[in-house]
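Let me begin by handing over the structure; questions about it come next.
The chains carry the letters A, B, C and D, assigned in the order they are written, with residues numbered from 1 in each.
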Amino acid sequence: MMQAMGSRRWAIADGYIPSSSASDDPALVSHESACILNAGDIPANIEVTVFFSDREPAGPYRLAIAPRRTVHLRFNDLDDPEPVPRDTPYACVIESDAPIIVQQTRLDSRRPDHALLSTIAYCQE
Amino acid sequence: MMQAMGSRRWAIADGYIPSSSASDDPALVSHESACILNAGDIPANIEVTVFFSDREPAGPYRLAIAPRRTVHLRFNDLDDPEPVPRDTPYACVIESDAPIIVQQTRLDSRRPDHALLSTIAYCQE
Amino acid sequence: MMQAMGSRRWAIADGYIPSSSASDDPALVSHESACILNAGDIPANIEVTVFFSDREPAGPYRLAIAPRRTVHLRFNDLDDPEPVPRDTPYACVIESDAPIIVQQTRLDSRRPDHALLSTIAYCQE
Amino acid sequence: MMQAMGSRRWAIADGYIPSSSASDDPALVSHESACILNAGDIPANIEVTVFFSDREPAGPYRLAIAPRRTVHLRFNDLDDPEPVPRDTPYACVIESDAPIIVQQTRLDSRRPDHALLSTIAYCQE
């Protein structure tokens, strides 16, 4: 049994999903992910709140991650309560009832040879 | 009401805006951003100081971010008190009177298929 | 003699090894690395546990790093107790009996002009 | 006068300078930098130690950064006490007598459309 690892509150400040993609291969469509690891032995119930520059936040988006599992959540796929708009700067806060680890990654395939960015997100108890 | 999240002092050590771009699409012009999230319930009044290798710092550049909003600030657009020079190594310190989260991102389109870099900035109370 | 530096527990949340590569040059094959520094004066005995979305974790994968040495470990090369699957989201926890520093890097050469991502991993004692 | 900001000990675990470059423009030659900010009011005297996989560390490499200045140090340019080898995994520890902030960036131009990676380094007092 692995000791609990991670934090219950995380933030990503640079969210952006390009609306265009040079490829229609699902793996290479422009997308942004919050990759979340629940390394512990209890489920993690998670709420994602999405912030914008000119309106009140959207969400919460809810998901659960089973013990000892990882979910690579694509912001492109969120639709409840509403989709995340493309070509629009956003940010997010991710809150969990159990410790998790969050890393953000973007694949930008507006051009044929795609670009990547990634960073461990900001955390704070 | 979301609990205050973030820090009041942040730094980015690798600032650099390439002067050239393979595209004139504003979204794909070479640029560098400080993406800032104010997840709290009070406005954040922010001062940015820009450091160079061979002269005294420039600034402060001032902006305010409303509660529950994000601003993806392009260093390219700063001009008061002075523009940020292109093709010139710089760094910056970002200070706020309310907790914020800062992430740096650069899009480098000197070549047709652009490159990206991003990192959560360094913070310290 | 350098003072011990680093942490004994690290995590990477976005693991992904593309199965294809535009080049067969070993340096440019799509790969993902955990770059580990043991800056101290005693050996570091390390265990890597790999997490998935839909099954129990794999591992531990074991390695040792001598004092004052770095190992840039390719997840592609792990095979004991089992290889890391390609085109499959994973995450990992890296535990050591001596302080180490961990940075993740991915080279994605699915397209001819490859993309890179890197971040210092998440650490917690 | 700005309050001291940063840490006195930093580490980068993934060092690697490709030996080839698709361009001979000095700005686009494959290179790796430690971008260092001294935001304080006293000089920072800095020592860099470079670690390898199969030999004792090289260094210290010494530099000083004046108050309120940034240096974007290219590992490519280090030559005293010895150059940093190309195509060779390395890591480094950066120690300073005054607080500094360190960010690592690599520009990899082995292919015509270069790739970038960057991360705030790991710090520990």
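What we mean here is this: a residue touches a chain if its C-beta (ideal position, glycine included) is under 8 Å from a C-beta of that chain, and two chains touch if they have at least 3 such contacts.
Note that the coordinates shown come from a computational prediction; the quantities given were computed from them, not determined experimentally.
Most remote from subunit C, judged by the distance between CA-atom centroids, is B. Shared residue numbers account for under half of those found at the interface formed by subunit C and subunit D, and the copies are therefore classed as meeting with different residues. Mean C-alpha position of subunit A lies 30 Å from that of subunit D.
Inter-chain spacing, taken between the CA centroids of subunit B and subunit D, is 21 Å. In subunit B, the positions touching at least two other chains are 112-120.
If you check the complex, the residues on subunit A that touch subunit B are 9, 11-16, 18, 49, 51-54, 56-57, 87, 89-91, 93, 104, 106, 108, 110-122, 124. Residue ranges of subunit D in contact with subunit B, taken from their complex: 2, 5-6, 27-28, 33, 35-37, 39, 68-72, 101-103, 105, 107, 112-120, 123.
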